[in-house]
Amino acid sequence: MIELLTIFVLAVFVGFEVVSKVSTILHTPLMSGANAIHGVILVGAILITGHADDALTLVLGLLAVFLATVNVVGGFVVTDRMLEMFKGHKR
Amino acid sequence: MIELLTIFVLAVFVGFEVVSKVSTILHTPLMSGANAIHGVILVGAILITGHADDALTLVLGLLAVFLATVNVVGGFVVTDRMLEMFKGHKR
Amino acid sequence: MTWVQLAYLAAALCFILALKGLSTPKYARVGNLVGAAGMALAVVTAFATAGDHHVLIAVAVVVGVVVGVPAARQVKMTAIPQMVALFNGVGGAAAALVALAEFLENTGAGVLFVVATALTVLIGSVSFSGSLVTFLKLQEIMTTRPVLLPSGQWIGIGVAAVSAVLLVATPATGSAALLVLLAVAGLALGVLFVLPVGGADVPIAISLLNAFTGLAVAASGYVLENTLLIVAGTLVGASGTILTRLMAQAMGRPLTNILFGAFKAVPPAAASGEQRTVRSGTVEDVAILLGYAHSVLVVPGYGLAVAQAQHAARELAQLLESRGISVDYGIHPVAGRMPGHMNVLLAEADVPYENLKELDDVNPGIGSVDVVLVVGANDVVNPGARDEPASPIYGMPIFDVDRAKAVVFMKRSMRPGFAGVDNSLLYHPKTTLLFGDAKDSLTKLLAAVKQL
Amino acid sequence: MTWVQLAYLAAALCFILALKGLSTPKYARVGNLVGAAGMALAVVTAFATAGDHHVLIAVAVVVGVVVGVPAARQVKMTAIPQMVALFNGVGGAAAALVALAEFLENTGAGVLFVVATALTVLIGSVSFSGSLVTFLKLQEIMTTRPVLLPSGQWIGIGVAAVSAVLLVATPATGSAALLVLLAVAGLALGVLFVLPVGGADVPIAISLLNAFTGLAVAASGYVLENTLLIVAGTLVGASGTILTRLMAQAMGRPLTNILFGAFKAVPPAAASGEQRTVRSGTVEDVAILLGYAHSVLVVPGYGLAVAQAQHAARELAQLLESRGISVDYGIHPVAGRMPGHMNVLLAEADVPYENLKELDDVNPGIGSVDVVLVVGANDVVNPGARDEPASPIYGMPIFDVDRAKAVVFMKRSMRPGFAGVDNSLLYHPKTTLLFGDAKDSLTKLLAAVKQL
């Protein structure tokens, strides 16, 4: 348990440090990129569905898989579309 | 085990991020401050000495306790002395 | 099963690198791809180690892809904030569902486990319903103004108290019914949280809900004892929190004011009784004004995005420059509907980066600007934000265009901007209004200036 | 034993905050204190949970305090780098000893455990002996020049290979004898690693060894399954690595060049045969030179620290300023014997921060400086670093004082500086040498300028 707590604390610092000085221009891509990352709940959804014993859990799990997938793919695609434009202006 | 490895990876990032943009002026205090922090091996030395069963381990452990203590107190005191001067110039 | 855990660790690493990349313009796109790769790795790993129901899972994933990808591909740039809100909401819902399912599977687990489960369900529900409301607001399906229920403050506090009680009661009793009740309370809390947030501040609410979803994912990581979920969720939670603060700073207001300010704000005085006059000009008037100026400042806003007028604006600017007129763009941090919105659009139109000026670059010398061309912007040039303490947007930094020599507003009507606040500058003698869609007006203006 | 683990976690947090504080001038001192508090918490916790031998442990700690505190209190500022090296060395030794003791206690543990043990012993020994050699170099008990053993490169590679073999063999056999051999190999490796490092580069070697000790502590954290040691050790390892790189950048050279450059460097040509002439001046000559200058640049170096001449320098500068002469200080990033050494000393003497200029501030306009007062500096103004590719310090950025109108060197003799390289600027016609201890010379100069 203490390991997990330590991991939590360290991840808080990493998150804070990495983002703390980003410029306004990147706020939206960063928001939507982070949004895509929390779609990692898909991993949890898959695991829980894989172990589902009864119909109810299975249905809940599958719903979660579906929603999390939307979160993941939507998040990464939208972010990429946004960043594509930033790239354009480097030309 | 994987938890420990994760902790390691996260700590690497925290260390990198925190220090990556420090100015030249603070290089030495930072070096000696970090030096003091690795004196935390004192914790390990105390624990190992506390569990020592035979004379050899006990002696090794006590030696480690002594050396680690020197590292800790020396490190923090030297760093503080250095930083005291920096403070002076804020006046 | 060491390789599984190593794969998860590698994915966590990818996520950290993605965040790092996304915070520097140079590596942002690569960063996002690295994040996607990490996600793919994690998902494949999870799929490979899932015990059963592989086909059903695969189907659910495929359906998700089929729904998500086209939605993300086809959404207009201006609608991205509401899209992000939606994706955020479904993520929160997924976290809550995962925790609920795990709870049903694992009856009789330890207290800490149930605490984490309840927390996930609560935060996930808040994030889900809150995001849905922000979506409705941004999509203008409902009003963008702050919605204040009668004694809404007390309802909010009441629901929060109920949630807190349920949060304690669920682990104490281990009852699934209470957990479901908690989810319902969470849904109500999310709605109550976002309703009073003023339209202009919704993106900040999204960012905060984003951080919430991250925390829900982290908590579900405890539930499932999965370090990847803990790391990724916490990263998003922490970076989302910081980002929310940064965004509030860019709006020039403290976060509490943004989230709860509506409870205190005086309703804007109905100034409509005065019937003040405005001066509306023709395209030719404005063309002459521009043609004989020395320096022009273009202040683009949400209307430019709606009209997709960025290319037209760039062409006009180039034409003016070819006539020896210096043209700059004044980019307000919250112009448009997402931070950096204008930068994205103008970058798309190949406007050189050097011409994009920020508030501090522009305001000191704005007195010597001959013409300010306000293209579909409104709130970001509203002097009320500077001068009227009673204004709901008081305190937001603005471009002081009322100090320039002449101002041209391009908009379609007298309707206010996102914040729903009247703009006294529209009635100012030095202001000319050029009514119409921004793209139309700009194109006509281009032709007219060429004629000079 | 949850409270124990929470205490360790709190200590880890303190260490992170300490590092964060130490990297911003404003919070550096508080940061250090927070770190010390965390350390106290951790040590007390460990002591409270240590099974046995409490009295002996307490005695060892007290002896350590009695030795360490006075040493740290009494060391002169100029000797801090060697002090840091010593503390670093004992830390590495402690880590190695802990791992050794744990190995002896826990015969028959898993392979991963023994791998981590062997790694700790190796890195700890390297750090210990390497730090000792740097100490000897900096204390000038041995030569500060790079020491190149005959075919030292091959000896180094040989010892490294032996270490690698032992690193594999120890876990494979679980033999304590091999582990001791590994420690011996590590000691040899540390010596061989630092011997060829040029004098001026020793601080970088310390920083690297510092990072090594951090890694050894982290590895011993695996051995003891103690998260605090892992976190703290890794933090130091990572930040030490970055710091080493930053320091190398400040010296303007790649790290590999600094560490292994001596193997390739051509021995400096013995230019002594030429018998070039120098011009040595009196205090009065220099006072006149200064009294009639418009702008003066003071370039302090290690000699200023040795002579403790910072106050005298500040007084002279103030006197000159009161006469309408503009005085700046040119602070080289590696002037003195530790990064920031000059900043520390001049801050002690209350020199205003605005007057401290960096390389890039000074060099562009150095041609219009009337007099450069080089106070106990040498390498940092040696034009050879800029012009002579064969010079061992070639590539280090310098103050281009040879481009100023006149240069005054205050030093005691013709001996070269830390890098042991002759400085052609000493023989330049526009250079005046003022021999003697820097503090003496400055005090006399002060009196002489007052007489003008």
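Note that the chains are named A, B, C and D in the order they appear, and that numbering of residues resets to 1 at the start of each chain.
The criterion applied here is as follows: a residue touches a chain if its C-beta (ideal position, glycine included) is under 8 Å from a C-beta of that chain, and two chains touch if they have at least 3 such contacts.
Model, not experiment: these values are computed from the prediction.
Subunit C has its Cα centroid 43 Å from the Cα centroid of subunit B.
Remark: subunit B and subunit D have CA centroids separated by 17 Å (rounded to whole angstrom). Measuring from the averaged C-alpha position of subunit A to that of subunit B gives a distance of 35 Å.
With touch defined as above, residues shared between interfaces to two or more other chains in subunit D number as follows: 8, 16, 227, 231. In subunit A, the residues that reach two or more other chains under the touch definition are 1, 3-4, 6-7, 10-11, 13-14, 18. Taken together, the touching pairs give a contact graph of some other shape, not a line, ring, star or complete one.
Pairwise chain contacts in this structure: A-B, A-C, A-D, B-C, B-D. Contacts from subunit C toward subunit B in the complex involve residues 2, 5-6, 8-9, 12-13, 16, 227, 231. Every residue of subunit B that touches subunit A in the complex is listed here, in rising order: 3-4, 6-7, 10-11, 13-14, 17-18. Across the interface of their complex, subunit D is touched by residues 1-3, 5-6, 9-10, 13 of subunit A. Subunit A meets subunit C in the complex at residues 1, 4, 7-8, 11-16, 18-54, 56-58, 60-89, 91. Within the complex formed with subunit B, the residues of subunit D that make contact are 8, 11, 15-16, 18-20, 22-25, 28-29, 31-33, 35-36, 39, 42-43, 45-47, 49-54, 56-57, 60-61, 63-65, 67-69, 71-73, 75, 77, 80-81, 83-84, 86-88, 90-91, 93-95, 97-98, 100-102, 104-105, 112, 203, 206-207, 210, 213-214, 216-218, 220-222, 224-243, 246-247, 250, 333, 338-341, 343-348, 350-351, 353.
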